[in-house]
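Letters A, B, C, D and E name the chains as they come in the text, with residue numbers starting at 1 for each one.
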Amino acid sequence: MTSAVSFENVSRHFGAVRAVDAVDLDIRPGEFFAMLGPSGSGKTTCLRLIAGFEQPTGGSISIFGERAEGVPPYRRNVNTVFQDYALFPHLNVLDNVAYGLMVKGVSRAERGRQAEEALKLVQLPGYGARKPGQLSGGQRQRVALARALVNKPRVLLLDEPLGALDLKLRENMQEELKLLQRALGITFVFVTHDQGEALSMADRVAVFNDGRIMQVGAPQDIYERPQSRFVADFVGSSNVLPPEFVARHGGARRWASLRPEKIRLGEANGAGVSGTVRARSFLGATNRVTVEAEGVRLHAVVPAGLPLPDDGAETRLSWSPADLHLMEEA
Amino acid sequence: MTSAVSFENVSRHFGAVRAVDAVDLDIRPGEFFAMLGPSGSGKTTCLRLIAGFEQPTGGSISIFGERAEGVPPYRRNVNTVFQDYALFPHLNVLDNVAYGLMVKGVSRAERGRQAEEALKLVQLPGYGARKPGQLSGGQRQRVALARALVNKPRVLLLDEPLGALDLKLRENMQEELKLLQRALGITFVFVTHDQGEALSMADRVAVFNDGRIMQVGAPQDIYERPQSRFVADFVGSSNVLPPEFVARHGGARRWASLRPEKIRLGEANGAGVSGTVRARSFLGATNRVTVEAEGVRLHAVVPAGLPLPDDGAETRLSWSPADLHLMEEA
Amino acid sequence: MSASAVIPAHAPAILPSRGGIAGALSDTFWRRPKVLLFLMLLPPLLWLGIVYLGSLFALLLQSFFSIDEFSGLINRQFTLKTYGDLFQAANLDIIIRTVVMAASVTLASAVVAFPIAYYAARFARGKWKALFYLGIMLPLWSSYLVKIYAWKLILAKEGILTWFLDKLHLGWLLDAWLSLPYVGGNSLSVSFTGTFIVFVYVWLPYMILPIQAALERVPGNLVEASSDLGASPGQTFRNVLFPLALPGIVAGSIFTFSLTLGDYIIPQIIGTSRLFIGQAVYAQQGTAGNIPLAAAFTVVPVVIMGFYLWGAKRMGAFDAL
Amino acid sequence: QEMLKELGKGEGQVNIVAWPGYIERGESDKAYDWVTSFEKQTGCKVNVKTAATSDEMVALMNEGGFDLVTASGDASLRLVAGKRVQPINTDLIPSWKTVDERLQNAPWFTVDKVHYGVPYQWGPNVLMYNTNVFKEAPKSWNIVFEPMDFPDGKPNKGRIQAYDGPIHIADASNYLMAHKPELGIKDPYELNEDQYKAALDLLRVQRTLVGRYWHDAMIQVDDFKNEGVVASGSWPFQVNLLKSEKQPIASTIPEEGATGWADTTMMHVEAAHPNCAYMWLEHSLEPKLQGDLAAWFGSNPAVPAACKGNELLGEEGCKTNGFEDFDKIKFWRTPVSKCASQSECVPYYRWVSDYIAVIGGR
Amino acid sequence: MRSDRNQSAPLGVKLAAAAGLLFLHLPILLIFVYAFTTEEKSYQWPPPGFTLDWLSVTWNRPDVWTALGLSVKVAVVSTTIALVLGTLCAAAVSGTKFFGREVVSLLVILPIALPGIITGIALRSAFNLADIPFSFWTIILGHATFCVVVVYNNAVARFRRTSGSLVEASMDLGADGFQTFRHVILPNIGTALLAGGMLAFALSFDEVIVTTFTAGQQQTLPIWMLEELVRPRQRPVTNVVAMVVVLVTFLPILAAYYLTREGDQVAGSGK
């Protein structure tokens, strides 16, 4: 099967800045693919390479098997939902949504009909006459989505589409987006720097750092079997343990990750590693306890309701050896 | 003990808009107080009333027992960390931090010394010569903090100081802020619309809605014993159950909240309420399952590792009656 | 969400070129943005770079010619003689007089303009904002010449100001001012004071607009932050507002300074008959026919404005223009 | 360019650079109109551009676009030397023979016996004064050159004006001729370095007395009305205008005598409307026009016949305007270094820059 | 910046602003007053009487109409040229970074930053050298040169505010370069161009200094006024003309204000 998007050794350098550096990537048709990474790691640049706003300085890109270099954005059957939505401020919602059809020469009546339908799809029927300025953030986000979907793109690119929304709205939109993608079967490529969002929404996740892909895989893979310190640190709030520490407490001399919910807190004189409680925070369903042990700061997550040691108290940490995930990185 | 800040029946109306409406509030000296609420609920206005940028249209405000009405901001020993930092773009970092001392007439040498110290406190020693434009978001945030702290205010107001930072940085800053507050013993009043942030950082939280305070209390109180549907819905991702539903399944005819981690999923023919699985998301340590039961959408959170029902499958939900929190709101 | 409505057709992922000249051109421009840039820059650069700068250089070139003293014809041989003439005491007087006037006018315009711009930018809202806008734009639209003549009536010895001050029994005040050296004279309309007032008046809107624009860009919360940190309104003004409005002031001063440097109509109608650079240029090229000296005179504002623009650019004043 | 040999049809218009008040079409005063009839007769529409100084006239002619100019003596030879004007075929101007003999071959427009124009008017630069201040006509130009108190007891400082043109240096020389004979000035337009310096010194004193120099005739009229100016060298034109507005103004030629002007209508080398121009030249010599203009401007006609029987001028008009004083008036000329009365004189270009310096306070 | 919330200006600022506005407007009021004076030769204060005659006198003066006609034509053509050149320049400068970008922006500002008399005699001596006779187009050459900058400034400011992602969004949705210009760029910078165009028109319409050098014997309205004001005859006619110009331009100025303001709001709300 041809990939929806395929990068072969693609680079995009801006002078000395290697925004994207020798990336290989295959996005499968119909999948919900997330690009995750810290700020400046090259996620947006990757997306812009697919959309055609940037040209690779090296390597080659194909979209559904066709070479994309030199093809301007308006000739790629790929659409983008921009982070700031980029709605046309001078057009009303309906004309915004119908824009792609208009420039293709679809008749006014027909494009009105299709745009109305797309608005229905994003649950904004009847909003056509408003100007973008009269919409809330979440509504704008949906209009941007409808505007892209009405063109029936083969790949939909979304650059942190939920970044500007507040938490509550964001959770709702996450669910809606995922349902929509399932229903339409369009390949979604989704950029985010929020690991929770990437894990909960995507079929597969690529973790970026410094213009390179550190790891690609299903959310569980990434979360439970990080291959490098960076991934372990960035994805989830895993404890990353240095080789010496790991060597002392039952593992090989390798970097390892240990998920906070796998750590048990016990009496100061019980088994395990002893440390001092540095901070406690209430997370709702759980409490997070920060413990300093042998010079390493460790987070343990304890379900609410269980007793918590006091700030400054001595405590012991223990975990089952199976939960200590040794990483490939030495 | 006099309150650090006390509102007695304070209102601030803008024409017909009741930004703050008959609010009573007591913030204790030395506490870390959070104001939580959706956009437009009046949090910023409250803060501006304390800082003196707004004057109440009704009621009275005292700061450490002294009446504050008519006192201009520059005569209140209260400082603010603005949401967008409001650093002076024409001054370098040191002069920004030393600004409050300069206008008080502290000598150049002395204020340089104190500013340098404040920068050390926020872990930016040696950054004094840079212009704000040359700093990253997190660094700016710290400069804004240092600029406020150098004046040794009795109350420090923070308006969503972490809103513009990305997740990772935000978590670090949350921890730092809390440690700093503990160390300095200054009263912090902290505005946020992020419930996680409020719960994990504050000693007490006030939940705002529509210019009014819906509930004030310790994070656990707010999270576990919401008094109203609004609070239950806004704080944590609780399931809010309508009276009929509650009446049918063991409670009184009242609105109730049920935390997702308290719901157990069982075989389709077991005990409890039966429903259809609508969505599943991977949250890392847990999975969230969305189930539609008797017309109500419920979220259940299941620890990772436990088996998950398939999308569209029938399942049964159960919980222990003690976890069903009946609210005061009818 | 219902998904049945939009079902992706299996269109090709890469569409063919739209064809036609527009399609081909569009593709070309996209692939070679430098070509598009070149085409966009070509007309303005031809106009400004060739016609305007060309003329300017041709003029400057003439300053290296000299005039034949007998026939008054231009001698097209390279010489610095004309610059020798330019630096005669009388001409230096003209230059200094003009520069001092331009500087004073600029300073005064800034002082008068600031409160207007400040109010318009930070306090006026709704109707008042519109009113201020009109109040600044209308003078800009009323005839420059007729305004100058209106001032002549105001400033004349038997003019409106004298009449008004006499009514208030304040005539002595005017007389006292007029008896001062340099700025005084027989009446305001034949004094440097009069020239100065009219210059300030006529160029004022050019100063208000950029200051207002600069002030409007100062985030309101900087003022609040300053106040929050204990600065009184006066301290806030000195330490925050003024420094941030400075690029606007500098942008405005480019106009007021340059317009004063070159104007020859105002000092001729209101003034002491002592020449300003603009008048000297006008007289040398028009009445005396001494184009080389006129050209040499124009070098003075060019050099001054060159330095001025360089400084302004460094202050970021161009953004406030 | 060849002189025109015979007159053709009019081109429909003629463009003239003139002194203010020289070409009137009844707009200022209905009685004074010598354009309308000409336009009717010839079909040549007359377009006038006024100039305030001789230098301006030269500049306008250099610029081009004009057919005729009413040049004074200090401009006419410059125009000839600069090849801006063409010889006139007097055969095409029937009234040429009626021109005053004193003017027919005057050196300021005749070069090598070739005529470069047709005389128009001449007159003195008079001393204009306010009769409320001077109950009697002032006797000397000293009232505009020396600091003093006027008869009303107030100083002259700020209440006098002087002409804003380098040619005013000649007025100062003329004053010095009478008051400092030891300088040996023979001709106010021919000054050696010492004489020239003395003239400038005198003008520097004058600078301290003058508020603003007058440049435009009309502005001077305003200044006498609104600016408290009470005495100044001027042209009869302003005097007449102010009198017609019932202002307390009169004029005199003081004992030192006066400079003056003799103007010639000259034709541009590239005149686009030569036929209309010739028609105007002929028209300009009509006794009626000459008399009316003399009355209007306070000048003297170039055609003696005009002195008689002109309603507006009156029988005594020519005498009043000084028709008999032709020899006493020192007519404007362009100062040149090769001068007649001494070995070397200060040329005009220095007059220009030095006069600017004097006005500037140097 | 939003205005200082709910604060009113300090009294000193209010007074100074009011005094400044008064200073700006009293002389203009005077122009109006003298459009109705009964005395025509020189303006006396106070005016001896008032009359409406000058309105009809002005109406019937053909020279006013010719000068007005020329001024309007010059302003329209110069503004049009300035709109094209200024927009092109602004688009080039704000769209891309290229070598010499600073030079271009300096070059555009130069004609307004250098005194008009320099522009004037430079062009004039160039005309002389090149043997170009004075014509309508020589006036245009001068005016368009200094009008470019106001259009440029307005357009650059708007380009800066208009999110670059709009252009990308348009191309993303299938619009080629021309369609994007027509459907997205033009509508978004339209009001800024209008405001710039109005300012350019005003600048051209009232320009004397450059025109003096490039007009030859043609009379634009300001040149006509200069001539007219020196003549103590029917001086109120110039005042009537000046007054009518102010009154006639009142509405367009106001319209431009509201148009550009709304434009800004919409442009800013794209976020």
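Assume a contact is a pair of C-beta atoms (placed from the backbone, for glycine too) under 8 Å apart; a residue touches a chain by one contact, two chains touch by 3 or more.
Going by UniProt, the chains are A, B = Polyamine ABC transporter ATP-binding protein; C, E = Spermidine/putrescine ABC transporter permease.
For clarity, every value in this text was computed on a predicted model and none was experimentally measured.
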Chains in contact with chain A and also with chain C, listed by label, are B, E
Which chain pair is joined by more contacting C-beta pairs, D-E or A-E? A-E
Take the average of all CA coordinates in chain A, do the same for chain B, and state the distance between these two points in whole angstrom. 25
Averaging over Cα atoms per chain, report the distance between chain B and chain D in Å. 90
Would you kindly tell me how far, in whole Å, the mean C-alpha position of chain E lies from that of chain B? 52
Return the distance between the CA-based centres of chain C and chain E, expressed in whole Å. 14
Two or more other chains are touched by the chain C residues 15, 18, 26-27, 30, 153, 158-159, 219
Residues of chain B whose C-beta touches two or more other chains: 53
Got the chain D residues that touch at least 2 other chains? 225-226
Under the touch definition given earlier, write down the residues of chain E that touch chain A in their complex. 163, 165-166, 168-176, 179, 183-184, 187-188, 265-267, 269-271
Looking at the complex, which residues from chain A come into contact with chain C? 63-68, 70-72, 74-78, 117-118, 120-123, 149-150, 152-155, 176, 179-180, 182-186
Considering only the defined contacts, which chain C positions touch chain A in the complex? 1-18, 26-27, 30-31
Footprint of chain C on chain D - complex, ascending: 53, 55-56, 58-59, 62, 78, 81-82, 157-159, 164, 210-213, 215, 225-228, 336-337, 347, 349, 352-354, 356-357, 359-362
Which of the residues in chain A end up touching chain B in this complex? 38-39, 166-168, 171, 174-175, 178-179, 193-196, 199-201, 219-220, 223-224, 234-237, 259-261, 279, 281-285, 288, 290, 301, 303-304
